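Worksheet: one structure, shown below.
A, B and C are the chain letters, set down in written order, and residue numbers restart from 1 in every chain.
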Amino acid sequence: MNKNNAPILSVKNLTKVFKRHGQPDFIAVNDVSFDVMNGECLGIIGESGSGKTTVANMIARFIDATSGSITLFGEDITHAKGESLKNVWRKMQMVFQMPMESFDPRMKLGESIGESLVNSGMSAGDVKNEVTRLLSLVGLSAEFYPRYPHEVSGGQCQRAAIARAIAIRPAMLICDEATSALDVTVQSEVIALLRRLIHEMDMTCLFICHDIALVQHFCDSAIVMQHGKIVERGKPGDIVRNPQDDYTKMLIDSVL
Amino acid sequence: MTMENNSTQAAATTISSISSISTKSKTPTIREQHVKKKNVKARLFFFGALLLALLVMASFAESFCPYDPYAQNLDIALQAPSAEHIFGTDRYGRDMLSRVIAASHVSIFSSLSLVAAITIIGTTIGIVCGWRGGRLDTVLMRAADMFLAFPGLVFAMAVAGVMGGGIMSAVIALAAISWPKYARVARSKTLSVREMAYMRAARLSGSGTLKIIVRHILPNILTPIIVTSMLDIGTMMMELAGLSFLGLGAKPPIAEWGSMMSETRRLLSTVPIAVFAPGGAIFVSVMIFNLFGDALRDYMDPKRRGR
Amino acid sequence: MATIETAEKSANGANEILTYESVDISYDGLKVVSDVSFALHEGECLGIVGESGSGKSTLIRAAMGLLGAGGLVTRGDIWYRGLDLPDVPRDEMRRINGEEIAMIFQDAGNALCPSRKIGDQLYESMLEHGNAERAEFTENISRLLERLRFDDTDRILGSYPFELSGGMRQRIGIASAMMMNPKILLADEPTSALDVVAQKDVVEEMKIIKDVYHTSIIIVTHNIGVARELSDTLLVMKDGHAVEYGPTNDVLTNPQSDYTKKLISSVIGLKR
């Protein structure tokens, strides 16, 4: 899949330590390094508490890294702030786990989807047309524009969330357990949609997921995290068939 | 009580018996369900209409008065209710009905402006504290605690006393002790809303702080604040009347329900209507505001709104 | 009305312990389950699978009288030992709940009181259903936990809930439902909130309950893997209707309805 040798996203020695009152510091992410190549889809597998979501939040710059560096398109974004951070977000978008909670309950879906377009200076009429196009791109009709999040199903809401994420044509998409809260039939549809869009729009993807089967199905390469550390990395098929680490073995054995 | 298993229990069932299930005889029991209709909307309209009527009366109070509420006529002082003076007259011969109606203007609009002021001030401070956090939050919230540390009405009396009475100083005194409640509600709601996933989504879309606060935070924290303020109007009306009753609010001869009760309290045994008329007016308007607030809360909570 | 039906029951279904007959359930006049019939036999594990909103949880809540305000079994019968459960008086139901039919929820582990030791809490819930000596209780609960393959039961009983992992708390929640040795265990998404490793542990625990205690189990889950692992029989629900019902193996290998086919094909399995 590598189209050229420079990684789109490069994470080096990333560490996050949470200070706690009266208790020893909690190391959520411990010296994590990985590269995501152009067009690649990298899966991060781990259970709750493994630090995988903290990694995503640091890359998306919602929280500061304690140490280490994050490079996006050759630019160091570890400490990006203000306007330069907004620039980062034009290249990198995110789909969250809980579809309903990722939409403002008092805004119409269409308004939420178009928010980034409005912020980038597009005129109101163009925004409306573009949002309608985006809705159809993710398999929703224009009827969904004026709906509120609680008026649609979880799957429809997640489709809208994907539409919002791709609205400004980011080069990089982070999916943080984007399909975990969905029913199986909906999950497979959303996975198919994501796969199509990533291919069509030539996006690079960081796919965070606790379901190793899903990562095997969806990703080109994968890393396994436990207690904030990377315990295994490689092609998902190789990891599943020939796990090296004891934790990975247990994880695979537990899949029913 | 025993935790031992019954080892004699039948072994796991064979699946073969399943097919017999659908051939069960006997018609199934039918149970009737009584669906309670929720009439939240009807209640909201009803009390909303009453509230509107009250506000219209308060706005054009003078023109509803049958007599001039300030015209003294000692010849007819202290009359019992009659066809001409339904609530009788006070000791200066002023028509009580006219005075009660005229007083609605001061009583209602002073409480409304008081509640509007504390809602805006408290909410603004609360949002700033919740959003910024840090030292500013600590300082403002400790200030709020300070205002809450005094017994409310006593503190308001002191403030009103220092400022020298008048309805304006009563309003300011009550505002000083009431804003922290709104600041606290707004702050805690802001703290929870800013952690929601949609806040991160909004930031990802490139919206700035001001836009996020106005478009995303304010609409999502407003419901409890509006409901609190609606329910507060009644309370504030009573407290203002209380301060006026104590002589720290509206000054005679201005018609105000609290001060009218204070003026006429000595007549309680002889002309009770002179006390009960303004008292009843307070009771009715407080009830209307509270019941409207209740209906509004139910309406704004989608879970109570029903289908 | 009970006597005739009791006779009929004992003649008809020798080992049916819980029977749903043409059950409709409505919330505030809206039907959420319609015309569902199935039977749970002694020692059987029945899996109810379906997606959110299919009415699968509502179905087993009805047996416990836990439909909540606005919910009612508007048609049909749920038979348990000659009793039509929807018509059983509340007091009688309270006795049946826990002692004869126990239920565990998705967040059973979080239902534990955070500020008291687990042993004390379990003892107290035991007292709710009658008297028990503390020493006897401790002996019994230790034996139960050992059978359910808990290590170090003394430490667990002396711990506060927050000192245990989420999976461990969930297993304790299930064990506490087994304290009264109920005839039927109803499990509502007992593994959905758990990581895969903990999910596996809970499934193993339920297997022991089934094999050692011969408790009849209904497990409601959206996870077909869990249902495959545990259940003898499978009921597939969609939009309040039962779309397929039969032995688990048959349903999964040779599904008849289109929906079941779609459901099974949607599962993304591990390619080992």
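Everything that follows uses one rule, which is that a residue touches a chain if its C-beta (ideal position, glycine included) is under 8 Å from a C-beta of that chain, and two chains touch if they have at least 3 such contacts.
If you're wondering where the values come from, they're calculated on a predicted model, not measured in any experiment.
Ranking all chains by how far their C-alpha centres lie from the centre of subunit C, first place goes to B. Comparing chain pairs B-C and A-B by the number of C-beta pairs in contact, the larger count belongs to B-C. Centre-to-centre, using mean CA coordinates, subunit A is 35 Å away from subunit C. The centroid of the Cα atoms in subunit A and the matching centroid in subunit B are 45 Å apart.
Contact of a single residue of subunit A with at least two other chains is seen at no position.
Note for the complex: subunit C touches subunit A at residues 51-52, 166, 195-197, 199-200, 203, 222-226, 228-229, 262-263, 265-272.
By the touch criterion stated above, subunit A contacts subunit B in their complex at residues 60, 62, 86, 89-90, 93-94, 96-98, 101-107, 112, 115-116, 119-120, 150, 161, 164-165, 167-168. Residues 47-48, 154, 183-188, 191, 210-214, 216-217, 237, 240-241, 250-256 of subunit A are the ones that touch subunit C when the two sit in their complex. Those residues of subunit B that touch subunit C in the complex are listed here as 1-7, 9-13, 15, 17-18, 20-22, 24, 26, 28-33, 35-36, 307. Residues of subunit B touching subunit A in their complex: 196-198, 200-207, 211, 215-216, 219-220, 302.
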